[in-house]
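Several structures are given next for inspection.
Heads up, the next two complexes both have chain A, just with different partners, chain B and then chain C.
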Partner chain A sequence: MGVAESWRTNQSRYLMEGRKCTKCKTLYFPIRQHCAKCMDDSMERYIFDTKGKIVEFTRIEEAPQGFELMVPYNYGIVELDEGVRISCQIIDSYSKDLEVGMPVEMTFRLLRKSEDQGILQYGFKALPIE
Partner chain B sequence: MKVEKLGYSHTEGFLENTLEVSVMTAIGIVGYGVYIPRYRVTVEEIARVWNDDGKIISKGINVTEKAVPDIDEDTATISVNAARNAIVHSGINPSELGAIYVGSESHPYAVKPTAVTVAEAVGATPDLTSADLEFACKAGTAGMQMVAGLVKAEEIKYGLAIGTDCAQGRPGDALEYTAGAGGCAIIMGRENVIAELEGMYSFTTDTPDFWRREGARYPSHAGRFTGSPSYFRHTESAALGLMDKLGLEVDDFDRVSFHQPNGRFPMSAAKRLGIPLEKLEDALCVKRIGNTYSAASMIGFAAQLDLAKPGERVLLVSYGSGAGSDAFSFIVTDEILEKRNRSKTVEDYIDKRIPLDYALYAKHRGKIVMD
Partner chain C sequence: MRDVAIIGVGMTKFGQLGRVTSRELIASAAVEAMNDAGVTPKDIEANYVGILSSDFFEHQMHSAPGVPDYLGMHNTPSTRVEAACASGGLSVMHAIMAVAGGFYDTVLATGAEKMTNLPTNHVTEGLAMCADDVYELSLGITFPGAFAMVARAHEAQFGTDAEQRAAVAVKNHKNATKNPLAQYQKEITFEKAMNSIMIADPLRLFDCSPITDGAAAVVVVPWEDRHKYEGQAVKVRGFAQASETMSLHDRTDITSFNTTKIAARNAFKRAGLEPKDIDFAEVHDCFTIAEIVAIEDMGFFKKGEGGKAALNGDTAADGHLPINVSGGLKAKGHPIGATGVAQIVEVSKQLRGTAGERQLSDVEFGMTQNLGGSGSTIVCHILERGD
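And then the complex of A and B:
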């Protein structure tokens, strides 16, 4: 992710900002300009709640470039309390006790370092609630 | 000045070199929050690697283990999580924050503020001022002074001061046993304060006891010089200077928190000041999370607020190498009971611990050379 793209998506990654259709009230994450349900373009800013549950996950043992130090880590789909599903990293590196349906809370973490001299990208990850 | 009671001699310029801020009234802490990473490495485990006697070292520094950040945690992430807890505790709308200052000696960037990431991540942008501060371990309390000044001057409604560090100690150095990680965020304002700011006072000199040169990875220190002319002189002088300014005596304080580079220094400072250990004990988080540098005195202060009763007077004295101390006196109000348990306490974070061995600790702290 380049500097400009990272800056454009700051609000989504930092605050979990999505969109709400003012006409049919459908919620969206990530941000989109038109409602996929009623095709209306009167979308308003919506900040999602930080709580949800694990829908599915997989354990990454062989990481792509930039994530080597994090292995093993979990990546999965989380359903937020509002019903919207998002994909993100699930923090629980040293435990294999993750389960589908487990409640999670979004927390603020470093997502990746683009390169040695590049910018640092921050955003949300899901943390299982004990 | 009462500072002379401890036998410290000052130059004629002593008063001119000492920052004095007028006594504050009717402003105070609106909310606070902390964040401490879950991982821990014990002093004995570090000592095992360096062929030292862990039991003797642990007893000597009065620290059993220290907090270690996760691989994807740094000063920015810890600051954001502490700030979010403070906002929940305060009950304010984050868009009403007029200033955010982050004090640390481990900012992720050399150039690009941590404070703007915090401001964006708590929803405070764009109508506010922000900056990163650096003064060894007292940059967080320097932020508290700046915020208090802006609130007092009615330039802002609320301001947020954060002290956070992911401290680094050179492998094998004495600092490695204590260099921990954590953050504390304090929101100040005029309405619904949980602790009223009674006054503040600072004591500052050029004393080179601990430093890190530009580009250096690990800090250097002057060994025992970090004690008497540095930590003790500044901490005690600031405490006594504040009492002199406010017309208070040591016995007027119910709870105290000092900077805690190890578990011994704050106990010795309290003893020299005539403060009973039980008034300090609840603040000594260093024993279980290590020295959190810019956050250390503030997390200790937060631990005191977690337990404080309305009407109690709390003394907070930071210390930053280089060197200086900021002293604050707060009087706890009834509002603290209303806001208690809104967010996680210091003890909640200290209790949640995942032990690491030295190898995983080294991986977490980037001490393994990859190329």
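And then the complex of A and C:
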């Protein structure tokens, strides 16, 4: 992800901002311009609640560029309370402690430093909550 | 629409091939395929080339014209097809459709990848670009990670454990000992597979296909013209492609790929065949769990029985439905764009009876399943022994 792309996609990554179709009420994350169900473009801003639960997870030990110093790290699919699914790192956890169904809260964190342009990419990670 | 034949096949050695580019690899495979078919470059009316990313691996975009350039057929139309790890299968499918539709009579379908120029973390990054860049890759996913979640979900629902996954790796390594073009021609033990280093829990090193250079090519002609050529014809009976969400997390059930179910169903429908008619298959075992899920989704085994099929020998070379007798992606190697073409090469060789030491006896119908991304693209082909 370059500087421009990083900047232009930061609403969803920084704010958990998605879209809601004003016609059929379908929720989308991340932002998209058209509803894939009714093809309408009357989408309104929707900020997702930060709560959800773990649907599935893994512990990654061989990382892509920029994540090498974080290994091993947990990564999982999270279903937000609104029913929309996302995936992200699950922090402050060891895989033996994680369970499917565990409640999490989305938090704002540094993702990685881009190798080509050196920018610091920020976004969301999930934090298990009691 | 015309029936179509595979009339020539070629494939390079798969492995770490050193000082050679993807287009040189394609030229080697294509020359073999053309010699096999009994055609020369001037007979080829169009070329399709499946390459995931010469851009990323070789800093070379617009790789399609490089193929006719290196084959001395400078003005022949050449089209690159990219569908992640299904690029090769889709390249063959486009060649088939071009001939079936009557646009061309002699078409070359090729595929290649030159992956070993980059260190592993960059290869992991490059492959992960086949996932959603902003909402998966940039958040830290890898393909082993994605398939690890598939494996965990499959284990939780059906009990598909590490031993069943290892059985796929052990089987495919054993098969590859009889394939001189395979990257790894050595057997592995369950102990070795199940104690190898963890890549993404629960997938270990031996659950994963390797990083490979290689190319494969086939020549496609109308079935009615097959006797005009020297090559032994194999008939294309069915083919189909399906797409699915970019991101794994957007699926409600990750123990199965709808794309495989749909592409297989449509390929069977086109062929007028059923899963029980298929004698053997080459499926996309980028990870051991992927083979297990594939043979279930294609309808060969009940949901949840795919891992047991490997463990009890049903999918072994001497089992009732041999899967990946070539060694599969796991042991034959996985040069991304070449993989789907190499599956067609293997099925064609088996149906012709020219597969050497690993030749299966009495096979009439063979099938392929080529997967891109986290199952976001699937291409299936069904081939029949010629007359």
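Convention: the second predicted complex is superposed on the first by the 124 of 130 C-alpha atoms of A that agree within 3 Å, B and C clash if a C-alpha of one lies under 4 Å from a C-alpha of the other, contacts with A are read in each partner's own complex, and residues count from 1 in each chain.
What we mean here is this: a contact is a pair of C-beta atoms (placed from the backbone, for glycine too) under 8 Å apart; a residue touches a chain by one contact, two chains touch by 3 or more.
This structure is a prediction, so every number in the text was calculated from the model and none was measured.
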item: Contacts of A:Glu44 with chain B and chain C, given as first, second, both or neither; value: neither
item: Which of chain B and chain C A:Glu130 touches, first, second, both or neither; value: first
item: First, second, both or neither for A:Gln121, with chain B first and chain C second; value: second
item: Touching partner for A:Tyr14 - first (chain B), second (chain C), both, neither; value: first
item: First (chain B), second (chain C), both or neither touched by A:Leu69; value: first
item: Which superposed partner A:Ser87 touches (first chain B, second chain C, both, neither); value: second
item: Contacts of A:Asp97 with chain B and chain C, given as first, second, both or neither; value: neither
item: First, second, both or neither for A:Leu110, with chain B first and chain C second; value: first
item: Between chain B and chain C, more extensive residue contact with chain A; value: C
item: Intersection of chain A interface sets (partners chain B, chain C); value: 70, 111, 125
item: Partner chain B, residues of chain A touching it in the complex; value: 10-11, 14-15, 47, 69-70, 91, 93-94, 107-111, 119-120, 122, 125, 130
item: Parts of chain B lying in touch with chain A, wherever the complex brings them together; value: 70-74, 76-77, 80-81, 84, 108-109, 112, 117, 120-121, 123, 352, 354, 363
item: For the chain A and chain C complex, residues of the former touching the latter; value: 1, 5, 9, 12-13, 30, 55-68, 70, 72-73, 75-78, 85-89, 95, 100, 111-112, 121, 123-125
item: Residue ranges of chain C touching chain A (in the complex, touch as defined); value: 120-122, 124-125, 128, 133-142, 144-145, 148-149, 152-153, 156, 197-203, 247-250, 254
